[in-house]
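Chain nomenclature is as follows: A, B and C, assigned in order of appearance, with residue numbering initiated at 1 for each chain independently.
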Amino acid sequence: MRQSTTTLEFRTSGRGLTEITGPIARWVQGSGIVTGLLTAFIRHTSASLLVQENADPAVQRDLERFLARLVRDGDPLFEHRSEGPDDMPAHVRSALTPTQLAVPVLDARLALGTWQGIYVCEHRTRGQVREVVLHLLGE
Amino acid sequence: MRQSTTTLEFRTSGRGLTEITGPIARWVQGSGIVTGLLTAFIRHTSASLLVQENADPAVQRDLERFLARLVRDGDPLFEHRSEGPDDMPAHVRSALTPTQLAVPVLDARLALGTWQGIYVCEHRTRGQVREVVLHLLGE
Amino acid sequence: MRQSTTTLEFRTSGRGLTEITGPIARWVQGSGIVTGLLTAFIRHTSASLLVQENADPAVQRDLERFLARLVRDGDPLFEHRSEGPDDMPAHVRSALTPTQLAVPVLDARLALGTWQGIYVCEHRTRGQVREVVLHLLGE
């Protein structure tokens, strides 16, 4: 049993999902590990890691619209607004969606379902550079 | 240190929780691992894995009622409705609840609290067969 | 590769966040593990583990206000109220926020971002003692 780690950076283009399945899968395949566990951790409190449908882009637009209605920018409920009306909503979205994901590795591949992709979910209105730490163990 | 993997299938009976603690616990016990970490991953974007109270069945009904009110079937906000009015709500519910769980193993048992059970949370109105990949490491 | 486990107890003071980064980081550092994966699991269905901003305390107040508005105490929707009007809302909050977190360990430290802290998120109105099981693997 052995382990490997790396940190990847992804540039988002504002709110919504940025697919990162490809870069993660390539790093896993390059490790030579056939059976194991991949853990991804995002080093931010205003972006998340989501597993979502990778087929119809409307799913991503609908999810963003739902979150925007659930957690309203500039809601007078919020006291913390040092970085603007989307600041505290980003933290709330981050609390309601995952900071970390673990995916088993089987036959040298991520054991994702047919319709599953891994995404950075950006919660700020402007694009950001987001760091994702990967940890892989197995043999 | 060693690892073991398997894939279990569970048939749900429509929206709500299906307890899967028993089958997971039996597989862990059969592995002979005394101390370790069990990770479960559901290979779908319209069902989740939840740890919830295992005592009063009313908790499960209340949770389903809450989710049904929070994410309304047929909401005109949603563009993606290729599989019906419960299609996009299922993806939203899946974003708000876990795709993956990890539970430490102590003394050859899952280290769950007294009132905790592990459940498949079905988000489609019709029952489905759901695949859960398990990864166990330890010694 | 080796592993280590422990169980820590934290007393919360009612709803809101209690930071637990320090005790977890000290336990990780005491283990001598330089590269690895730390998993934390909370043994309750009315409290969660959150990664949140550790800078402005207003973030924590705003998050609590948001959750209190999203999941109302005493909501007539809820049937389960054996422990009072905050009983079922606590289970719903627990379904919408994590029961478990995994954080990579790099250079003998938790690979948290600059603004990230680990918190117990209490969902009951009264303070409780909460058990968090830690599992660490690495070398």
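Here are some notes:
Rule of thumb we're sticking to: contacts are C-beta pairs under 8 Å (C-beta built on N, C-alpha and C of every residue); 3 or more make two chains touch, one makes a residue touch a chain.
Small disclaimer: the values here were computed from a predicted structure and weren't measured.
Of all residue numbers used at the contact between chain A and chain C, under half are used by both chains, marking a mostly different-residue interface. When chain B is laid over chain C using CA atoms, the rotation angle comes to 120 degrees (nearest 5). One inter-chain figure worth recording: chain A and chain C are separated by 20 Å, centre to centre, where each centre is the mean of the chain's CA atoms.
For chain C, residues touching at least two other chains, in rising order: 1, 70, 96, 98, 102, 137. Within the complex, the chain B residues that touch chain C are 1, 35-37, 50-53, 56, 58-59, 61-63, 65-66, 69-70, 96-98, 101-104, 106, 111-116, 121, 137-139. In the complex of the two chains, the chain B residues touching chain A come out as 1-3, 5, 7, 39, 41, 43-45, 70-71, 77-80, 82, 88, 91-92, 94-96, 98-100, 102, 131, 133-135, 137.
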